[in-house]
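So that you can tell them apart, the chains are marked A, B, C and D in the order they are listed, and the count of residues begins at 1 in each.
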């Protein structure tokens, strides 16, 4: 985790540390919000949760430290949200799921925010249309900064008093929720910048390169049988990872690394995007309707790609990313293999080390393999989310969380595909082998990569 | 070569029974196609396949015997095809998959038909746009009748000579393909007639009613464990039913019958269509965008429904049908249960009797339960396709058929849900326990019903 | 009351000439409509109006004599209507504007037809959606034939009894209305056939050709000043042609003939479709959005065009047609000239002979100029409607007709352009110098041509 | 060359009056743009044009003085542009039409701006898509402020050196162009703020009210005949106002004031929005498709409206505004009158005083009539643009300007309606009797009002 000072302060009134030691606790300035006077040093981190809360909350504005106020406003497509919406929505989550129901005397920061910053919790009431988030200039970034401070003070006050199991769970959920939005902030600002003729860069990070050639992709044999997958609930997990349950799998082979840019270029050169027989019917229709002929962000000559560090030459050894499920599936068929099921992936990942190229190292792009020999599958965590062949649905016996947070995961269990393993934009302490992410098969703006599998 | 239309529509001369004795073989009249004279009684059904071929081919025009020429032209929505398109496409299937590749001297009936009547076999070449099938008045019904006769004569000649295993398989596949289109012809003409202010009826079939009250729905307990599902390939099946493979299932309960119209009306009365918490996110968006508040074909007052016998009072005891997966899923959640997985359904169906309300009895509408006590799950076959909770995807080790027929099933394994058991529009000899049908979750124009299941 | 379809299509018994002697009067066969027996020779043409009525009504089905029943059903785009809709709507016009309000004991043929065959008369009640006319297979062509006979008998009975001025005007209006639809039937079936890969022909008419070269286009000088245009109401006209009123015009030049296909090919060769500066802003947007690069119905190689006689070589001497206002305007700008105003056109046409290439000669396509020297502007009438530069709006002091027929013209006086002179699909006795036709500037499926004008 | 953003937004330093003394000349502070040092007081207003240039250029940022940086980014619908786009585009106009072609040594401020800030000058090259102007966060407001300063310095230097007739005309055109955009900035920010649930106000201006009742609307009689309209080119005008030419008009009546909110409420109460017979066909389709039932910005209860001073009670005496041509036309028909032609309007306006409620008084909303007796038509200038019944087209003999500025007006002469007289958002020195504005008939976001006329 990086703890360096940023070049600029985003919120004028906020302390300037980006990944500082917990800045909220450290600051002793007196802040006056309306008529209420709060002294921020009243709050001491008395628990790991308060510590986690502070670290996670600080990390969100830290991601924005190079942005101009105008950059926070734009929504480049309906699945993207403006930066300031993310900053406000993650705060709203704590306000509406923790403070409002559990602090009877809590006064909301602004009555209109409930309507503006609800994402999709229908049981919480009406909300502003998702596709129109970029049409709102107000509240300003500065106002949202005040909102964050206000809610932070109240949550920290609660934590200082001590919280019971349910509240603990909700606040912990809120921090994981915010980490998910931190990943979205990075993929969203990447998309926002990518459609600008000016091609701004969020940062200037030097990427790793290989000196030795990338070893050929190999398949490692895994034993099947009746296995258990899913979370046992001992430590934090989302509801969709439960319950732990048995699945039967045949023996299978799993690729020892992600598919590289060079390998994906071979697929393009071989006419992969023009041969209908390689594609699912819906995928082919999508390719035709959108004139798809290369991964998102690649230049037409296949030489460069837009990254969070601006336009860069494509490293042939780095994992291909920003491909849809359809492209991943077509590539696998062309290569004579297939994508893994989510059960296969989890069986492999359960015994792998959880290291990888995460947001914490600040590279914000998939990196070429670090090693020359692989006895174990590598790149399982970090770098790029791995499309599985498994449609996202409920595990046997699945029960969503009670109340509105029950809308968190369960209602999306249709028409989406499971992705596993996290990416270069995922916080390291956010991912785990049982983690189930899910996206529509045509989506590409996340860091999506390809891991192959095969029958044996 | 292009052939002129005959003076009269050829179907007028067909017997009117849905499954008549095999008219092609039985008819001894001399038919003159331009200058070529054929005597149909030259062909004798020397094999079960020839017999099946004749029966299936006769059944398609037989379904149309009450139609006017104008009725064959209309396409009421993109997923519906005109009746004359179905009659031509099923014929094209035999021409392109059997005659052209396997009869070197075969002359196609009309060069343009390959473009016009290819449905989705991209590896077979370009095709006419699906959504524009209703914009073509030519070829006429009469010309398509000639086309059917022409291809029939050639296929029967082949069968008379004897065919090898591959050809046998392709012709058999063609008959099952045509049976699928027979079901589509019925659901399509239902939709076509339903949007007409004149509400024409295809037929006037007296529906069954119950005298005794419908028994309350009960759940029968099924033992789980490691089970085998899928087809072993001993008799005809589609490729998507293979290979037979092991799945692990917990013990579960399965409803003894389909959900009735009365029960579904209770769901509506309880506000089921207005309570977002009951719905999948995509389902709720679909409900809102399309103002869905009742099954397709139901009148606004929930009293009548449009059927193939015209507008009829809704029988509260009959199974609800023409509901989408989203509605089936929301109903199940409202009822406190869930839909079965396709594995659960097949485990139950494997030991059930394969009787039911099929197209053969000519009722063309789901019927109320016939019995008063159920020791076994009833209505598993016929009446209405049962939505399962399982997204349609490949069985482990699945390999599509070689060549263009490989496009038959495999490429649709994304974004669709598995349906099981057949309907009142399915031929009785077309269905089996391993049969996997699949549709997009918002579709309603097929006879789709609801079977509940639950954890125990 | 609803009537059943007769056994045979009624139009088969009509004479095949486009303008036969009046068949309704001539036919003495006894026709039985259910239990009502009518002898058609009971009715004698006692007036010019009855004579006109019979001729016009006969002409509509006569245009269809080569069509198959399936051809009457298709609607190829929203502005096109199915042939059977035209046949029914023109009949509905007489039923709803003449019979229902003026014959208290008249029983409508079928209650549902009022909803189905109202085109746009909102004050007459709800109507079937225009874009969905092609989704209705019923009523059949045969039923609509019965409808026509039924209404004809009643109108002729009225005329036999004698009608007053208002009724006379309404029936006369109905015949002109039907003539407008006859032109639409031809342009609509042309479009319907054009989108079929089979490219059917309505007829096989030998087109005229020139032996001598087409003389170069010249401008004739016309004196301006304060002039009168518009109809004085002495003989039949539509309300939009009134009142006759004064306009001031400068002197101007008018082209002596229509722009030819050869001349329009020069425009294409010179890059006319790719040079934005030649186009109105909305026209350029239309060209870009629809990838327009040649007149409607022209082949990509600019060698052939689809006509009502099937695909034919483009005659370079014939007038270019099926161009939009945008194309006509861009051509004129490219040629260094402009389109005439409608006032200029009428000033020229008022003193010209009203001869031309009309529907009556059965060629159904614009013809090359017949002469070699022109002292007068030629091709003003017939061949192709001439786009003027004048937006369609009300003449000073314009008052629409009273009642629902007031919707006939007035409400369209926005966003459309005035066309003048009639076309090869217009009946000769339907056109006059004051006749104002009007279309949206992007429309092309009518026979639209180009006459140039210029300032002097 | 690309320039970095300065530390502060440049507009903050501007004086806050809408029409301050010319701040560019007055300011003597030294501004450093990178390494180039400029002293703004090097430039002295040596001519009325320099004076006008300074006043107009200052007025644009002055309109924004209450905005936050985020407010400059949003585009609320395709016809609206972001504030920062307006500020940049008006600058680009001077750069591309004056500096680049006429100053050989001029270096453009930023190469990318030509693509980003071209509005619709196709002959100037490719441009960024109009509907996507709100997707660009960069360049920032501060960068655009630098751009304005940079171009201003160069233009003022040119003016200091002295300019010839053509250049003089182009710079003068640029100032009128910028004034048009100032009006758009106000109508655009009004729309942007109106769709925000927070309903921000641009300013807080006290509106005028009447103490005496508003006098009943009367018609003043105007003599027709052969008249001249259009600009003679003696002083500045747009090309579309030329040439001055003769038109013939009958005598007519013209309303002495604009239609009031109270009168328009009567139209609504009388069912005006539900009676199809009052509407043009395209207008009725627009009403139905968009569920239009009141002027834009009116609350559902017809009591309040959104204004640039936030939500306000509707003053029944003030002129109705934000109505489309369709609504204006339907209102006039309902009232038994009609809209004036543009010739009629100009004949009336030519002899009227050119006073009115313009942007200069800072009210930014139409005001109730100031007087109690009207001998002359009032409110002809200012308050609200008056829809005429005249489609926008070329005057006889019209010739557009040479070169790319020829795209300014001429290419829009189709599908739009002429509006006259200016509004409360128009600068007083920008309007004149011959001024022709033009909009699509469904547009409402400008200050559009209704003046009645009638035949006599």
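The rule is simple: contacts are C-beta pairs under 8 Å (C-beta built on N, C-alpha and C of every residue); 3 or more make two chains touch, one makes a residue touch a chain.
The shown structure was predicted, so the numbers you read here are calculated from the model rather than taken from an experiment.
Ranking all chains by how far their C-alpha centres lie from the centre of chain A, first place goes to C.
Taking each chain's centre as the mean of its C-alpha atoms, chain A lies 62 Å from chain C. Centres computed as Cα averages put chain A at a distance of 45 Å from chain D.
Inter-chain spacing, taken between the CA centroids of chain C and chain D, is 42 Å. Under the contact definition stated at the top, not a single residue of chain B touches 2 or more other chains. Applying the touch definition to every pair of chains gives A-B, A-D, B-C, C-D.
The touching residues of chain C, counted against chain B in their complex, run 5, 68-76, 84, 112, 115-116, 128, 132, 134-141, 192, 195-198, 200. Of all residues in chain D, only 120, 122-123, 226, 245-250, 276-277, 279-284, 325-326, 329, 389-391, 393-394, 396-397, 406-407, 411-415, 441, 455 touch chain C in the complex they form.
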